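Structures incoming, each one as structure tokens.
One chain, chain A, appears in both complexes that follow, with chain B as partner in the first and chain C in the second.
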Partner chain A sequence: MMLNNWKGLVPTLAVGAVVVLGVTGCSTGGSGGDGGGDAGGDTIKIGVLATSEGNLAFGMGEAKAAIAVAMEAIGGTVDGGEIGGKSIEIIYAGTDGTSGSAQTQVKKLVENDDVDIVFGPVSGDEGEAVVQYALTVPEVTFVNGSASPVGMTLEGAENFFRFHGDSAMWMGGLGDYAYDEKGYKKIYSIAEDYSFPYDNAGGFFSEFCAAGGEVNGNSWVPVGTTDYATIIAQIPADTDAVYVGLGGADAASFLSQAVTNGVDLPLVGGSIAVDTTALSGDANIASAAVGTITGGPVPGAGYDNPEWQPFVDAYVTQPDAFPSPSIFSILYYNSFQSLVLGLQEVDGDLSDGHAGLRDALGSLDWNSPTGQISMDENRQAIVDNFLIEVLDEGGTLVQKNISEASGVTQGTTVYDRFEGCP
Partner chain B sequence: MTAPETLVTPTATGRSRSLWARYSWIGWVVVLGLALLFPYVVDRPRFWLPNIGVRSLWLGIIAMSLVFLNRYVGLLSLAQVTIAGISAYGVGYVMVTLDQPFFIAIPVGITAGTVAGFLVALIAARTKAIYFLMITLALGQVFYSYASQAIEVTNARRGLAPIKKPDLEIINLNDITTFYFAALLAAVICFLLCRYVAASTFGMALQGIRDSPERMAALGYKVNRYRIAAITFSAFIASIGGVVLVFDRAQIDPDVVSLGSTLDVLVVAVIGGIGSLGGVFIGAIILTLLDNFAQDFTDRYMTLTGIVFILVLLFAPAGIAGIGAQVKRAFDRRRKNASDPGDDPQQEPTATQPTGEAITKGKQQ
Partner chain C sequence: MDQFLLIALNGLTLAAVYFLVASGLTLIFGLMRVITMAHGTSYLLGGYIGYVIARETGNWLLGALGAAIAVGVLGLIIHQVLIRRFQDDDMRVALVTLGVSLIGTDLMLAVFGGTATQVAIPAAFQVGLPLPGLGSYPLIRLLILLVAVLVGVGLTLFINKTRYGSIVRAGVDDSQMTSATGVNVRVVFASIFFLGSALAGFAGVVGGTLFPLLPGQDGSYLLFSLVVVIVGGMGSVPGAAIGAALVGIVSQFALVYAPTYSLVLTFALMVVVLAIRPQGILGRRSAT
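Then we have the complex of A and B:
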């Protein structure tokens, strides 16, 4: 009986395969029709990778808002427009923030949708996968979205451009500020155990240690840790401040437990630690968070660049926009606007393997809403970085801009988990 | 009139079965032929081969190892993706960290995965049903956490890259068509191996253990040893899937062994048919097509995948591979029903007889 069952499967398998191949054939035909307008034609296809599922599902909305702001400024829409007489077609591909999903979608954009330029992705895991893929398709130009691992622009992909700082650069200037201005000499580090916090903490502590500071302990915790009691107990008595390289909810858990355990030390936050909404929930946590300093690519309140406010005004009119731009919309905007400027400079000419466009992108120098952006020889941006302090203004937490570190350049160290100074 | 017909029907069914048995190889040849033609009938091989073809093959191989365990041993293991991942990490570690060639890396990877499967079996083989499922799930999650943090071995979240496909002078696997055929060969070998093992005395014993472990134990079979051997064998199959996976992805990171990937393989097995070794490839093709094209129809593409999964569970509980048998059953039923109305007038009087008997019985009571 058991051995007989599979025989019924044979015809099914055959029929199923025929149907599936039929479907694939149909789809191929459709996409084949699309393939008419690729490089050399009058249409430039830009494939956008952004997260539309998972923890960062709002990434797609933010990406579209940012792209719409840039495209509307030149008379286009979120789906395309015209540059230098060439029509721009923008195709969106959603991912779930994982490397596997990014690999699938980027291959689809390049090989099936025939895009000339890939724009994105959002998360670091995706970014590392996309750079590896970029190395295999030198004929396509890649402009990063918001992925920030240090190593991405150090892989030698000549066709890959990043118009924002990496996660180590996001701490640029904060180490000196903590040592010189705040007078912290010994800092205890608590950070999540994955690549983003390695780079983020590495960027901070390399500067802090170079200034003369000391790391008197490191705790690397898994993402989603809720119990920090044992770690809090390990913090030495002579610690001046605690570095919190934790994401929003984890940071709130840590702060809440630090408060109940009577730890009253000033904090240095990683770039994603300070989420005033999460921290405002509890009065004790809010008071503990006041005075936290942090660094990142998003300016705090009181930033006076004349380019900033027009961008914010344009952003908030977009459908599904947040009350103020998130880190993702800012990075996507700066990057997409850079791409637009590059395309404008060559009048949309992608001939000679995008040589003109790549030269234009590689020598771009413009004043973005978050300060001057120029490029180094690794096609990595040199940017302004923001130092921010959490202040209590009439009962609500505000992230106040302390200062900008101008012309922050990329280091060449890809950080791993480290003990003491990196 | 009716009596001869009812006698003829089973004979006809028997004949049709023997026909299927005799000509089933034609079906397989057609399927294999389509698989071999695949690179030449699609207009964008650089998209279709990696994104649909090769990915379906490794998803199918891993799901096949799951189906083998479920069909012949009656155990639903959620550790198959983890085992494939361990095999992939083995290859990655040897090629990236130790900088050794692929002909060392591949055996190391397969051995690592198989040994991992053996260790999983030692822990989990004494349990069954939901407990086995939970233990294998838990072990998978343990490895996921390990892979996410063990910098020295797995390079934590960053993973190991690049893992380049071998170039054997005569056969260059960097050519995507060649790589597709290599993956297809691996899938065919795995399939034949599963079929062979299932039909061997060992496989018969496994099926006996699945149906009645107590009876087999009473017959002198060491039930646990058989289970451990079966789980180890399925780990070997999953490990081969892991090797194809790692060369396809050119990198290995913890996402490969995450819960999401485990669920992908489970979805493939269920859509294809949890009782069918070949059906998993249909499931895999459907999942990869959904992954690639569902977005063209909706922004909530994962929801669409979920809906397809639910529809399959509702209307084809035996998976796509079971639809043939399901349609045949429905067809038989309809044919039987169609022959019934003619009998109805004759049956009516007979139907009243039992009623009469019942009344008599009622009276007697």
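Then we have the complex of A and C:
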């Protein structure tokens, strides 16, 4: 009778496992729907994609904080408001950071929720999936969240806009700085095995190698790797510095294990490695992070743009906000505010297949909290970029600006996984 | 050669964490044949409870103990209220526990947020221990290996050598006959469910000391412990130890020599073992 029904157990287990996978976002999306919202109506539906599970599970909280800051400034809330007499309804869809789950959720937003505009996603692989989907639904306008592979704006999707730099742009200047100023000759690379770190590390190492530097080994680890003891043991003895192309929980794991495994090499961080999302965890990582240099769209302490402090002040009042805005909230804010400005310019008019809105978005030029944002012909932003060093000032970690570059434009080199120099 | 030894040792210490999680599952799923999909949730919840207690009291042991008891009691309540009456209906139990795990995961995300946390240990344990031929090796990983060995030996002796252990095994093999001999089988099963859940909670604190605690870990640990229990053989504690060691070592070597395929290889291990020995390495042939 009960308990010994071993034969029935295996199929049950299989069904259970399938259900787990299905529910956590690996299933295919719902069908139906006619795509595209009601352009002539009085409501504009914006569907937001952000990560709510996995390595970047804080993404949804950061997205909501950023959107709330932008919406509250025009009298709205995190769930919507009003622009040009049209009411704005914001619908959120959580993903786990994989392309499969992004695909499921973006389809749900467009086909079931009937949104006019898709806003997001967070991670690079998701971004590539969403761009491919954008090509199939030209009647919907897509504004990127924080996904930053180089190739996304080179796919020719006329309805896709990115209001921040790509991940190769973020590393601009860091390779020369590491070689010339820091004197690093040999760097070992540890990075996650997906599109964002390919471009992020590619941008850094192409410059570092051109300056004369050498890559003395690469470890491409699966996203979600928590045990770095073996990877750390691979680092050759004559290494000058370690490039850490990890983000979120993976970065925090690596940094804390670098402490317990006695790594005393200086680090070069990818754009999300020493972000506030990694540093705010409780892991004891301060001693590993000090001295790290990195590049990206997040300005360090002492940044003097007058738009910056008001944004930070508005951000920290949001529920679940980090002590300072993360790279994700900054990119989501800049992108959402760009969308708001575009909608304001056309008074929420989405007629004629969003033609007016797309013209407005494509020619936007405004001073964001992190500097001037303008657009190139691929609907890719031209932005300011920052080089940062993590310093220990009296026990607290401070990210100090080394330099800032303005008007950084996109290159056209798309990086793939590489061994040695890219 | 040093490299080889180091990777093997890393694999074994990682296996220690997998074993601790899987030891609870081997009681609940392997021995009692209750398909629980909430075991990973118990792991993560235990880790978070241990994290809070250790942070407030500064005492790691108190955190581990508190987490084990709290998760054990919660597991007991779930067993009594939700599982017991359908215990012979595998599909229903799987779906009920799946529901519990989804609700639990979202509640934990709401309470503890999406960033990684780690259970704090005294700085005295965050040091390297000189090992002959290997140089310095993190002391904490060796201690965790020791804890896993102690738990494994204790559990094996409990199930195989004590009177209570034989009552459990008898109850699983034929609950009606065991009841007829005057044993209250319901109490026996409830106690095993408590122990299995408590072990998952304890494993959460141990795992959360070495690795980050964050949403999503529940799913991965459920999956890894299922692999460990199935590879090792249902209900066999030494089997779970062997399974954990295999999974840990395979995943660490794969991370070095074929990082892209490290997950694939871990599951390939399960496929190979099931193809050769369907009952698992130390599993018994099906009783019926």
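Assume the second predicted complex is superposed on the first by the 286 of 422 C-alpha atoms of A that agree within 3 Å, B and C clash if a C-alpha of one lies under 4 Å from a C-alpha of the other, contacts with A are read in each partner's own complex, and residues count from 1 in each chain.
FYI, a residue touches a chain if its C-beta (ideal position, glycine included) is under 8 Å from a C-beta of that chain, and two chains touch if they have at least 3 such contacts.
Remember, it's a predicted structure, so these values are computed and weren't measured experimentally.
*Asks:* First (chain B), second (chain C), both or neither: which does A:S219 touch?
*Replies:* second
*Asks:* Of the two partner chains, chain B (first) and chain C (second), which one does A:S99 touch, if any: first, second, both, or neither?
*Replies:* Touch partner of A:S99: chain B, not chain C.
*Asks:* Could you say whether A:A301 touches chain B, chain C, both of them, or neither, answering first, second, both or neither?
*Replies:* neither
*Asks:* A:S52 contacts which: chain B (first), chain C (second), both, neither?
*Replies:* both
*Asks:* With the two structures laid over each other on chain A, which partner does A:D193 touch: chain B (first), chain C (second), both, or neither?
*Replies:* The answer is both, since A:D193 touches chain B and chain C.
*Asks:* With the two structures laid over each other on chain A, which partner does A:A355 touch: chain B (first), chain C (second), both, or neither?
*Replies:* Neither partner.
*Asks:* Mind working out whether A:A210 is in touch with chain B, chain C, both or neither, as first, second, both or neither?
*Replies:* Once the two structures are laid over each other on A, A:A210 reaches no partner at all.
*Asks:* For chain A, which residues belong to both interfaces, chain B and chain C?
*Replies:* Shared contact residues on chain A: 2-9, 12-13, 15-17, 20, 23-24, 52-53, 60, 96, 193, 220, 222.
*Asks:* Over in the complex, which chain B residues touch chain A? Could you list them?
*Replies:* 17, 20-21, 24, 27-28, 30-31, 34-35, 38, 41-44, 46-48, 50-52, 55, 145, 148-149, 151, 156-159, 161-162, 199, 207, 249-251, 253, 255-256, 258, 260-261, 273, 275-279, 281-282, 285-286, 289, 291-293, 295, 299, 301-302, 320-325, 328
*Asks:* Which of the residues in chain A come into contact with chain C in the complex?
*Replies:* 1-9, 12-13, 15-17, 19-20, 23-24, 51-61, 96, 193, 219-222, 224-227, 229-231, 233-234, 248-249, 252-253, 256-257, 259-262, 277-278, 280-284, 320
*Asks:* Okay, in this complex, where on chain A does chain B touch?
*Replies:* Spelled out, the residues of chain A in touch with chain B are 2-18, 20-21, 23-25, 27-29, 31-32, 35, 52-53, 60, 93-94, 96, 98-101, 103-104, 107-108, 110-112, 124-125, 128-129, 132, 135, 149, 151, 193-196, 220, 222, 416-417.
*Asks:* Taking the complex as given, what residues does chain C use to touch chain A?
*Replies:* Interface residues on chain C, with respect to chain A: 3, 6-7, 10-11, 13-14, 32-33, 35, 37, 51, 55, 87-88, 90-91, 94-95, 98, 102, 109, 113-118, 120, 126, 128, 136, 138, 140-141, 172-173, 175-176, 210-212, 214-217, 219-220, 222-223, 226, 234, 252, 255-256, 259-260, 262-263, 286-288.
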